[in-house]
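Right after this note come the structures.
Each of the two complexes below includes chain A, the first together with chain B, the second together with chain C.
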Partner chain A sequence: MSMARALRMFGTIALVLAGVILLITPYAGNPFWTGLMAQILIFGLLALSVDLLMRHTGLFPMCNGAFFAVAAYTVAMLEVNYGVASPFAALAGIASAGVTGMVFGVSVRASGVYFILVTLALGQLVWGVSVQWTWLTGGDNGITNVPYPSLGDMRIGSLTQMYYFVAFVVIFFTLLYRQVIRSPFGLSLNGIRDSESRMTALGFNVTVRKYVAFVISSLFAGVAGVLYAYTVQFVSPAASSLLISVEAALMPILGGPGTVFGAFIGAVIIIGIRNVVSGFLSGWPIVMGLVFIIVVLFAPKGILGIFNDLLRRSDRRDQAADAARKDVREAEQ
Partner chain B sequence: MPEAILIARDIRTYYGDSYVVQGVDLDLEEGQTLALLGRNGMGKTTLIRSLMNLTVPRQGEVRLRGNLISGLPSNRIARQGIGLIPQGRRIFPTLSVQENLSLPGSVLAGGRDRAKRDWTLARVYDLFPKLRERAGQMAGSLSGGEQSMLAFGRALMSNPDVLLMDEPTEGLAPVIVARIGQAIEELKRAGMTILLVEQNARFAESVADKVCIMSNGQIVFRGTPELLEADPETRQKWLGI
Partner chain C sequence: MTGCKACMAAAFVAGVFGASAVSADAIRIGVMLPMTGGLAQSGLDARNGFELYWNQVGNEAGGREVEIIVADTVCNPDNAINAARRLAFNDEVDFLVGPLCGHEGPAVAQVSGETGVPLLLVPAAADSQTKWDRIPTVIRTGFSSSQDAHPFGEYLYNELGLRNVTFLGQDYSYGQEKTLGAVATFEALGGTVDEILWAPLSTTDYAPFLASIPQGTEAVVPVVVGVHRNRFIETWFDFGYDRQFDLIGLNLLQADALVDMDDRVVGLISVAQNYSQGIDTPENQAFMDAYVEAYGMIPSYFAEMMFSTAMWAHEAIDSIDGNVEDRDVFLQAVRDTEIVGPRGPLRLDDYDNPIQTTYISRVERVDHPTLGSVLMNVPVASFPDVSQFWTWTPEEFLERGPYTR
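The block that comes next holds the complex of A and B.
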């Protein structure tokens, strides 16, 4: 068996295994794993929202945690304080993230480091609100007892049910995300990342497209925030901390930027280290730092990148004979 | 005499304090190929960039089919029907050949500023069969000649009425230059209006209907290629050949 076939088989097995784990996690006998897996899915979606800007548009946002938090707080407040029906609360959560995105979107006028700084400052604004406006957000106490979502008489009654709901929503939005990336619009974002002036010369309004990408990103982050509020059932300033934005950016970098699976692989690593390693090693951030340094130095395309590179290389080796034969044919002509 | 489709009047462009384009007039007639010659640093590229407002001129106006386009954002100018093949074969290296070519189409479909859709993927591939072979390949991995064909094809895919080419033959092997020349001839037959900026005078003379020479930000010679060829003094003085 050739190397390429072995790699493909490995990839398929890994994918099937991931699917099986996704399905059976709630039956692993410990709700800890169910909650962890749900968080991985939610943060994977948040990581995708960052990757849309980071990898596909060439902007490095530091405020997606803010969209995430705005959506989470909105849902929590509407559900707990006003008893708003879940579908409306959820939609309001996503919409509030989108509106925040529309306002913060002015930052696309800045580029490079300035964009990072502006989004960082805007993100910290949301954090400030979540800590200081205690009348609205409960301050450090946060908002507790967020119920599981319900639709009329149908109510999600357990973590297991919530988990499957999260999985369904995340998969749905991941597929939607993939459509966005593959659309002509997504392609134009890649063009903007490569060269803004070339895109302008082709007739694209670069600023508008970056703005739209920014708002789309905020909407995806909002979906993740809504799921977070319902799953964790508790929203505190931790949701709006800078760490969320940073980790969401690290996830695709670790897993494989520009790929849908990469964001989730990164989420597994980061959330896994944070929750599992921290159980027996108080210095877990050191482990996280080491993993990050190693990946960035030795696998700049992320973990999925290693796999893809190996596959491409062995494919090329397999085709080398073919290509040589073809060259000879062409030379004869 | 055919109607001038692109008219530039008194274009003056500065980079900071340096006065690069010093009051240039240009008339481009429909279907005409105008070559703009001149040595390095004489303001040719800046003039082209000024026409599209990529570098903002301090003075002057540009009209396309009678409509004032100077002052419009560059992307709007592009949508009105001016295509640019930038210097140095600036393709999108991380997109595939096919993706590079389909980019302009998506903005036309979204914008609908112009209904014209003469150039399709198939037609560009017919013009440059090499690109069809490389359709799925990353553009950054193409050879220089292939990249320049790609930049060519990409500009065509935006279905321009006027095509601005900034030194399309720069740094290419003679066989590729010949291929580019053929492509320009084919475009001319299809009625394309072309403004060709070149250092390669011989190449420009072979494809152009009219030639201008630029020196120190001004146009110092206007005439037919034949006129220029028959005038070794002018060639020597402004082009150094």
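The block that comes next holds the complex of A and C.
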């Protein structure tokens, strides 16, 4: 069996295994693992929203945690304070993230380091509100007792049901995300990342496209925020902290920027180390740091990047071998 | 990379199947504290206090061995939820103790509510947890944010004779609850609050805040936390505000901040809290000596609160002969238990919050037999039997709603 075929088989097995783990977690494990997997899925989706700007458009946003938090707070407030029905609360959550995205979208006029700084400042604005406006957000005490979502008489009644709901929604939006990045619009974003001036010369309105990408990113972050509020059932300023934005950027970098699975692999690593490794190793931040250093130094395309590189290399080797065999055959004739 | 994948897979398997690997008869206590990150030192103090007590009693309660399992919460509610679930399901602890950070409290309490695993809530101080958002399986053994602020407001008016005061509060839940608690009782007596200056947690420079202290105010009352205490004190003395106004600390210089201070702070009223290192009782003397001997430093109030929580749990477990498996019996035992800890007598009110002494402390330079010359908080006033509702009825207080701005 050629190396390429072995790698493909390994990939397929890994994918099937991931699917099986995704399906059976609530039954194979206990609520700890179910809750952890739900968090991984939710933060994976948030990481995808960052990757849309970071890898596909060449913008490094530091405010996706803010969209995430705005959506989470909106859902929590509407559900807890006003008893709004879940579908409306969820839509309002996503919409509020989108509106915040439209406002913060002015930052696409800046580029490079300035874009990072502007989005950092805007993100901290939301954090400041969530900490200081205690009459609205509950401050550090947060908003507690967010119920599981319901539709009329249908009600999600347990963490297990919630988990499957989260898995369904995350998979749906991940597929949607894949459509976005493969669409002509998505490809034009890649063009903007590679050369803005060339895209301008080709007649694309670069600023508008970046703005739209920014708003789409905020909507995806909003979906993650809505799921977060319903799953964790508690929203506090931690949701809007800078750490969330930074980690959401680190996840695709670790897992494999530009890929759909990379974000989730990164989420498994970061959330896994923090919650699982910390259970038996008090020096877990060192492990986290080492993983970051190793990935950045030796796998700049992330963990999935190693796999893809290997696959490409062995494909090329196979092709070369095929060509050589063909040459030999032709020479023999 | 594959190595780490393997270790995570191993961890997953160990977590799923290894839960029964812990010893069967020991009482298992799950302790949730920040062991890494910005509050790691406070978390370590708390852990030390907890372990000190159990070591003193030979890690035994109700005739059973006691096993302590510490989980790192990183002072982040998302982690705290996972830590609580891991302790409840994988380690199968009999009850939970913690967390330290205010915003972790509701997260952990929620897990206690959904699993039924009792939680001794300490040191997290959010007012709401023993007032508006109570959960039946949650008992607080620490304090509520505004609890010590109420007597402090009266102290300002009655003992210090102040009539015009400016508050400087840290602008987040704990700071607001503490500040506004003192404002409420000070104003109720007829005192005038000239201004409340709110300093965000992101403040790095206190000069602009101090510059806006109104002239004619008699004293400034700060509620600042963590590294802000050092920033505030530096600015206060460097800009000469000590020559203009009195400085009366409501939440200013706890033991862990005094380590960084010099003699300029000697004589300042430093903090109103349920503990003061200078309490002159045999219980506190024994605790101080044991802590200094074990860890070579003065115990913070986190250490004391966890020490007396361990004592509380110990006596409760003894009273039910170690039957912690019956959660209702255990919770009732904790409610019925009254102890005298280093910080004084402790008992619960009907809302599962301790009724305890509030100490108002002043900084003094003390000659410690082993540590040498150190700055230490010594009580100048104490208010015994302070309830979280102060002199209001619980109904009045609950009706009025939380302290927010």
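We take it that the second predicted complex is superposed on the first by the 319 of 333 C-alpha atoms of A that agree within 3 Å, B and C clash if a C-alpha of one lies under 4 Å from a C-alpha of the other, contacts with A are read in each partner's own complex, and residues count from 1 in each chain.
Simple rule for what comes next: a residue touches a chain if its C-beta (ideal position, glycine included) is under 8 Å from a C-beta of that chain, and two chains touch if they have at least 3 such contacts.
What you are looking at is a predicted structure, and each value in this text was computed from that prediction instead of being measured.
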item	value
Fit-or-clash call for chain B and chain C when the two complexes are aligned on chain A	fit
Vertex chain A; arms to chain B and chain C (CA centroids, nearest 10 degrees)	140
First, second, both or neither for A:Asn190, with chain B first and chain C second	first
Chain B versus chain C as contact partner of A:Val70, first or second or both or neither	neither
Which superposed partner A:Ala267 touches (first chain B, second chain C, both, neither)	neither
Chain B versus chain C as contact partner of A:Leu250, first or second or both or neither	neither
Dominant toucher of chain A (residue count), chain B or chain C	C
Contacts of A:Pro285 with chain B and chain C, given as first, second, both or neither	second
Touching partner for A:Thr200 - first (chain B), second (chain C), both, neither	first
Minimal inter-chain CA distance - chain C and chain B, angstrom	27
In the complex, chain B residues that touch chain A	52, 54, 73-76, 78-79, 84, 86, 90, 92-95, 99, 102-111, 154, 158
Chain A partner contacts - residues on chain C that touch it in the complex	1, 4, 7-8, 11-12, 15-16, 19, 35-36, 71-72, 74, 76-79, 81-83, 85-86, 88-90, 102-103, 105-107, 110, 114-115, 126-128, 133, 171-174, 176, 198, 200-202, 402, 404-405
Chain B-facing residues of chain A, complex	184-185, 187-188, 190-191, 193-195, 197-206
Interface residues, chain A side, partner chain C - complex	28-33, 35-36, 39, 124, 128, 131-132, 134-135, 138-142, 144-145, 159, 232-234, 236-238, 243, 268-269, 272, 274-280, 282, 284-285, 287, 291, 294-295, 299, 303, 306
